């Protein structure tokens, strides 16, 4: 493959600062971005991409292609946790298998953002509606994950009178968790406020966007590196899973994108959505609803392996794969 | 000064609302919450580096009445069992005002 | 009235994000902007409007009209707490009546900022000196509120030897609380640093201003919605007060603005200052100096009713009223 | 180890300075303050969502001397009465160093 | 409920890692940390206004075993002596779950 | 000297907000910028100047002049703590003398930034490589300080078997503390990411730079003013030291700059580096490694005296001195 693509991805401030964050942890520096500053960055990034996506969606309108992509997103977000669950069951008990499967069925917004800024750099265009796909792919995995536990976990005391299973709670967690709500809300606000709103917010949502992404990735580097030692407990099976399954999902995504005919840019973003794993929304949901699963497994896999793999190697690799697969 | 039971509860931020509603329901006179606590226990390490979803909370409350305390412990135990956490009870004197 | 004006006010990112914040609370989402991030936004907004006001004041100079407006501001900020105190005494004891009266005598900087960004959008001009009016209207109500308690509250043990009444404390609270100091300081710095300082700060104080306002209003939406349940304890009398008194004060403001002949834009801002209620500075002062009053009354009235009413309906309505009253 | 009284005070952020000056005045050996506490009590709920003006503070201090403790309680009680808050006293052993 | 020793340690943020590794090494069952504490003691005032480098941390842990506590105190004392801080031990009951 | 230069330095938003922060403390206002917001500003400033310096270094290349300046920086950062140590020993014990000497050997990044923004305003150019000098001057003093204690402090129990002296710890503290790492990292990233990275980050690292500096200096004003009362315990000897030694170091710096022939702008920055004292990195290192020294001495000297002196009077004064000394 074209190693120049990987290099041009790496030699960007956001990725370089990601490395700097990791380096700081490895050499035991005291560099940190104390809470709640990372929260500021992540709220900002969600609002900025949601708003931009909504505005662009307003400009382009909802075409058949858009509808097809959104449907495919929901399908992939539901299928991935199911097929990975059975792979994971080879080694793991139902709760852990379901929690990890849900993690990989959902998405990572920062991976998506990094991919779209990579496309910007290469002047490859993509549609604002991909942000809607991002929003739609966050929730299904949470629900599928729970259904899997309910079906396959015999130990789960399904009729515990003290803790009747709260589906309302789960649905709220899936569809109204802060990142889904903020993303969907920003898309809608972007559509409602039109060009005048867009221009007034531009210096904020566009101007400093790349800088905030850079800072946030530095923090992600710190956090990811701190979790790397957890990988020792994870075992080779799950380490392999964290790299191979994203690759597999990316290929699946590329094929689907080809069938939908959505073009190179949108195809890459769709592949990246399929390949990425959630390390905040889904883990938080799993902690509450599948407490028997071990968070240090699914968080550290998604954060310390899949996330760095995707943003460093995956994004340029998937673009190359698109070319090879003739998109 | 009045003798009282001093109750400390440490739980995941995700359960905070539930616990506070429980305290309200049991008519506890008041409570104090420190939101940004991190910690380590049987379930591994929890910090708020990824957001408060993964941090813990520290709750301090008091309780004069033994039956009230028993009710709390009865309701709390299954939660602690399910999602982890800690509850410590000690003796203290309350300055009456 | 022209409902298009209300609509064009609502279809703006700041107001829409305010709704999103409220919605998040109503559907029990975990969306939050953790402390101290909102403080960052509010410090920023005060500095930005103060600095802009000071710079514009330097450009325009202090004319007779300016002096007249500033005088009228002080007069209104002193009269409103007095007349509303007697209305409130119909149902409330002196401490609560005084605390609420002071709250409504003072102002809300965010309401003012939202109004000025509404004017910007409609291309209606206004003077930088209105920021000075904003700064001047924050303090008098605190002092008047305390005087009212001292005069009318028989229970208040005026000669408590352990706690002699600390006027120094009250004056400091009124004139040197952080928002007054920051606002006045920024106005003066805006005047002192002139065009060169202005141009160097412009990308910060102007460029991202609208975006920070948007974020801050999202947080205000969350906070306001959380207080709405407190309104149940408030009773109909105070709920009516929270909407009718602002309206009344706005009309008073419009009439005064007409007499002063300060034009449509300045008139709207003056009306908004009269109509708005303080939910930070004055409540904090009242908590310390009138501890017998119930904060959940005055904070929730100002925050959960008057503030949303003003920014959603009030601002366009007052502009319409200006036209009807022939300004 | 040395026996000591462990004193916890919870007050509004607005009173923090006053209380700390009081502890200094009474020659308390030291104290620890956690600024961002929220809570609920007789006066309703207090959080720092609107800024620290509406949040509480948690103060921890120790005191070996009974008369010192009495002095503190005497000075503290009227403040707690006026603006609310909580003071708990318990027993602890201090690691001497 | 189970009787336990409740151990509170207050140290400079700079020593936090060291203390937590010590607790891990001594097989303490768990701990809770509140990062942003300020305070005053023999070495003057410490706040986080210049960054966490100058703030303190509050650590809460429990310990059932007297020898474990002794080991902790033995290891902790020289650190407290060198860089300051506080360690308080009190009695509490742990809610078993 | 040209008092107009001091005035034009003072009448700038950053310095004026520094005064506002001090004023807030003096009149006991509750103005504060709660933690961790100041950390956000300081991380931002380090990244922004490092990135800019790296990019400019890439443009200019490493010339002989650059190499000479960097060498001189290391020499000054090592000599200053040694000569000041012997001055301080007149009154102080070895640990306190060493800690203060190290503080003055190291540098203050904010003083440097304020000086460079002063140069920008006067349209005097300077090289990006001065940021590399800044980074190099942070560490040596920490090591020299510790060597001085080890040599001169008899009480220091050098062979304490429980606490063998951890040189690894000290070196890590010196070369990998967060500000050195972030600065060096940003310089390298600025070099690696080239013009395309530079342009994409410009609105963030350049556009809002001056505004963030302004906010940060307001916070520094608050913090410095709070430490002023500590100066009472410091005594006249150390108060004199806090002003005279920076002046002396600045003159030394100017002379060296003249010998190196690096021009007016770089000369001023070099003088400011020599004159400034560290109030975060070095004090934090000293707290851990020389715990016998009293932090309230070295922190309050650097923060409450030397820092305000440098940014208010020092910077314009050193520029004047450059002219007088014929640079």
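Which chain is which? They are A, B, C, D, E and F, in the order written, and residues in each are numbered from 1.
What we mean here is this: a residue touches a chain if its C-beta (ideal position, glycine included) is under 8 Å from a C-beta of that chain, and two chains touch if they have at least 3 such contacts.
Because the structure is predicted, anything quoted here is derived from the model rather than measured.
When the C-beta pairs in contact are tallied for E-F and for C-F, the bigger tally goes to C-F. The two sequence copies chain A and chain F touch through a face in which the numbers common to both fall below half of the numbers used overall. Summarising the inter-chain layout, the chain whose CA centre lies farthest from the centre of chain B is F.
Look at the CA centroids: the one farthest from the centroid of chain E belongs to C. When the CA atoms of chain B are superposed on chain E, the rotation angle comes to 120 degrees, reported as a multiple of 5. Taking each chain's centre as the mean of its C-alpha atoms, chain A lies 45 Å from chain D. Taking each chain's centre as the mean of its C-alpha atoms, chain B lies 20 Å from chain D. Once the centre of each chain is set as its mean CA position, chain C and chain D turn out to be 34 Å apart. Centroids built from CA atoms put chain E at 38 Å from chain A. Touching two or more other chains at once are residues 30, 32, 34-36, 39-40, 203, 207-208 of chain F. Taken residue by residue, chain B touches two or more other chains at 34-36, 52-53, 78, 90-91, whereas all remaining positions touch fewer.
Residues of chain B touching chain A in their complex: 12, 14-15, 36, 43-45, 48-55, 78, 82-84. Note for the complex: chain F touches chain C at residues 11-13, 16-17, 20, 23-24, 27-37, 40, 121, 203, 207-208, 210-212, 214-215.
Interface of chain D with chain E (complex): residues 1, 4, 6, 20, 24, 29-36, 60, 62, 90-97.
Chain B meets chain E in the complex at residues 8, 10, 34, 36-42, 56, 58, 73, 76-78, 80-81, 85-91. On the chain F side of its complex with chain A, the touching residues are 35-36, 39-40, 43-44, 47, 51, 172, 176-178, 181-182, 185-186, 189, 192-194, 196-197, 200-201, 203-205, 207-208.
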